[in-house]
């Protein structure tokens, strides 16, 4: 029997810092047959330090290269921040259920990303852009506290001018040179009309979900058309350690992507 | 390059240092693979002028004249670890605060300058302490783990759960099942629960967990005199709570 | 495999057990002061089949409090060495039921080879209950589910033991003793005994598990949780002693070379304060069950409702360990359930 | 010769002390052994504490001899509360005292003194040149600790020593393990003695008439129990009952010390290994006597530097004496015992030999078993006066020999270290005052 805790190796091809706290790693896996779905995640780590769950930040179309973004918050993420290009890193995965892209195909898409929530959704954004003709309208809302906290500046400047994506951004606290929208992310709904038959993906800090859901129900989007990406403490990522349990669901194996309809009545989920 | 580590002591019994000498040849030699001892007054005459990577400080701060020495140590050190409960909490030394006129009681009417001692406080009351290694005495294994982690630049793990967890792991018969009382319910684990295991109650020598349920403890231990146990090693923490 | 029944005379038991001890590692109930623990047995006299309940459940032998997941070095990761075969002797039926649950949970999705390989190497021999613990309620919880995962079962009857074998592993024990085929009276006597004892628990649930699950769930927002948990220390004892709890934490440990080391898991408990806490960065944290009552409620839910669909019944087997060992005595599932079933 | 020598926080001793020396025109103006350890007030701390807690508090006086403090404390408590211990408990306590004596002496010989004899600043540089000596030291220290830990739980702040006996009684397996440890230590001790004999000539020659004080009971080399005896260089012996202990260890406070000093017949006295050796030579185990002869030590030996050598001899004694007691226990079988309960309340006193000399604890309890008052007299306190007097006598000799300043400093430090002073211990008690 295979030991599910044995990780595989990847090489860090490139490290860039999106902000002081967020490292963007380009990884390469040599194993053939390795693939994943947008929205899935890996348990990535360093021997001696531990493992942490991190979402894929790039589309599987770019394999054997893939990207992750790690925010430095503690023991393991801090250790990952000390790595250099060409260093080895170990990971297990893909883990969890990603976005149901087949279901999304042929439909209008709205992605609402707050803060670091852009990282896991970026895999979906890239996937949609890579297969743009499979989808109808594509709107992306992105909100951060300040302009300095915006991630993937390069992507953002591309998206701002691309026709394939309707990109709308907002910040809570503008800097003097900020020209865009100011206000919480829900203010964007006033600016851009959203089609009621859209499929919506929400990913961001827990507090964001409630307000965005209120907007969506105003538009009349059914809850089963809304996907949310949840974050919970995780140790194993394979439905054993119990930390991510919400009610009878394990976020790591039943999620982290859930249909809103699945969890809305699940206490402690939101 | 090996990290430079140093040991300093203030008001204490030096038992934590002694625990280090009990590590045994293998572990001690193993430790010396990773680090270089640059100062350790009790067993070394060497002193260093260089920056110290990790300073372990034992003992509480109990008199003004030690302040300067502490500040100097902080200035010379990259990381400061308070080790042993005297250093992390004030420890048993703070028990004297519960007694009126402690100085007169021990030293009579003598009033020499050298006897001047104020409250026994944790080292963190004077300088910034990066990590605390609790225990009276420290647990050697926990020390080793922390030392290795710090040498490897890894955030050490400091438990925030009660001693009961480790008691269960040992499969010790709970003191309460024997109709005795115990502070393990509110005490920070990490020691491996040797006291209940050996047949005596936990006295919270490592201090409390972040959120001890002291109200509940007072319902479990109803006897007011027994409740005094809460001041044995945790006088300073209790004083803080009593003030709130 | 079919079930077979054998009889071992009382006077032949010592010889049988001594032989068994000689052949390999045997874990069984033994005394610790006035209490009992499962431990490696060295001699016959240590075996105490008259135990009421042990402090920790026998799961500790298959899924120990600290367990290596892998060894690491510059070259990568390596699985831990396989363990030796062992016999776990004298397990009460409720603890077997609990092991059945762990088997299922560690098997589903990503099978956990660390658990499963140890489990495979363990022969589980049950034994009839000769003494009932003061807080037991195994007679009335998840009654429709019986134990399954054991290899054999000893029931004390007149003049000896009825030995029931369910697997080849169970049959293997036959060669150590003077077993004879059992007659139908002996089989009947054992069945009757094991059935009758079910009525003798000091504590009792009078509702079926789906009604309990439904009611407790409906009361998720009840203010009662806060009242019930007021004296909770978040000490995790109720988790640690529970045969159906299996949550764990994972930590890495370096050796002195700063290169090699081990990744281990340790028992964790949902009652412990930081169990569901996450770090967000910039000093911010979020604890999804930051309040005492939320953690207390989670365990109660988990034992009575959350896992019922998966397990076919409640994730509590009624051993009463938590009831007995919770210092403020607030963990007893019977009392918790009653408080919700009996309020109108 | 004009010199001002100040050695702050003298290293390789337990606790903090300074040596101050002023020499002007070859004349000594000041010699001072100064104790600067922070005071800690244990007598106040135990007031109002239940008798079951007291030993665990006083154990924290000293991390090096906390087993000795615990045993003395429970013994005094037992005396006050009329708790009678079993013979088995007494034997176990004796073995335990041996283990601590051994443990502490090994620490002193290897970690604190050996560097001086090998000309190194500490034991660590010896890892280069004399690696096996350092590894042996660590191994022996750890084995000694294990030996004590089997009986006491922890050796620093013991968990198993309680009034009335042991909270957990060792099993037969435990005793077998102790035997195994002792048998492993014996050859290591032999190697230790070999090493020691190669550096004997590095120990300074210096003699001074001194009064040596130790327990004596006429049956054995006593650690656990006895009367108090002093012996002068002349061989004159005097016996005092335990109750007179305070009188024969006249305590006095000096301005430069947080610890107090003591004196009896002469203006200072010495306790510890050399004092025990001088008082009880005849009761040493034959193996230990052999070693004493080999090393050239006979009572009454008056060179304080040889305290370390006397410790080595005691180590041998502790090994063999314990081995005999353990073997007897194994043979006769160890029993589970109930811990006896108090039968009265009042005052009690106990004296015990701990590594650095005689330790005394004294308590008074109320009817509920709460402590009303306490007093402890610590061995190192009794030596402080002698250290001072030795320095006063040794310094002129060093000056006459025209040694360098560095040499002078080193020699004075060596003198202090030879006493194995446990300064942290000695600062915590002073005055007897019962409320």
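Labels A, B, C and D are assigned to the chains in the order they are written; within every chain, residues are numbered from 1.
In this section, a contact is a pair of C-beta atoms (placed from the backbone, for glycine too) under 8 Å apart; a residue touches a chain by one contact, two chains touch by 3 or more.
The structure displayed is predicted, hence computed values, not measured ones.
For the pairs B-C and B-D, the larger set of C-beta contacts lies at B-D. Of all chains, D has its CA centroid at the greatest distance from the CA centroid of subunit A. Central chain (C-alpha centroid nearest the global protein C-alpha centroid): B. Inter-chain centre distance (subunit A to subunit D, centres taken as mean C-alpha positions): 66 Å. Subunit B and subunit C have CA centres that are 37 Å apart. With each centre defined as the average position of its C-alpha atoms, the distance from subunit C to subunit D rounds to 51 Å.
Centre-to-centre spacing of subunit B and subunit D amounts to 25 Å, using the average Cα coordinate of each chain.
Residue positions of subunit D with contacts to 2 or more other chains are absent.
In subunit C, 251, 253-254, 258 are the positions where the chain touches two or more neighbouring chains simultaneously.
Residue positions of subunit B touching 2 or more other chains, listed in rising order: 152, 154, 157.
Contacting chain pairs in the structure are A-B, A-C, B-C, B-D. The touching residues of subunit B, when paired with subunit C in their complex, are 27, 30-31, 33-34, 145, 148-149, 151-152, 154, 157, 160-162, 164-165, 168-169, 171-174, 176-178, 184-186, 209-213, 216-217, 219-220.
Considering their complex, residues 32-35, 37, 55-56, 60, 65-66, 230-237, 240-241, 251, 253-258, 267, 269, 272-274, 292, 324-325, 327-328 of subunit C touch subunit B.
The touching residues of subunit D, counted against subunit B in their complex, run 9, 11-16, 36, 38-45, 47-50, 53, 56-57, 60-64, 66, 107, 111-112, 115, 121-124, 127, 135-136, 138-139, 141-142, 145, 153-157, 159-160, 162, 167-168, 253, 255-258, 368, 370, 424-425, 428-431, 433. By the touch rule above, subunit A contacts subunit C in their complex via residues 1-7, 9, 21, 45, 47-51, 71-74, 90, 205-206, 231-233, 235-236, 238-243, 245-248, 253, 267-268. Subunit C makes touch with subunit A in their complex at residues 69-70, 72-73, 76-79, 105-106, 108-114, 116-117, 220-221, 246-254, 258-259, 261, 263, 265, 268, 270, 275-282, 286, 288-289, 294, 298, 301-302, 305-307, 309-310.
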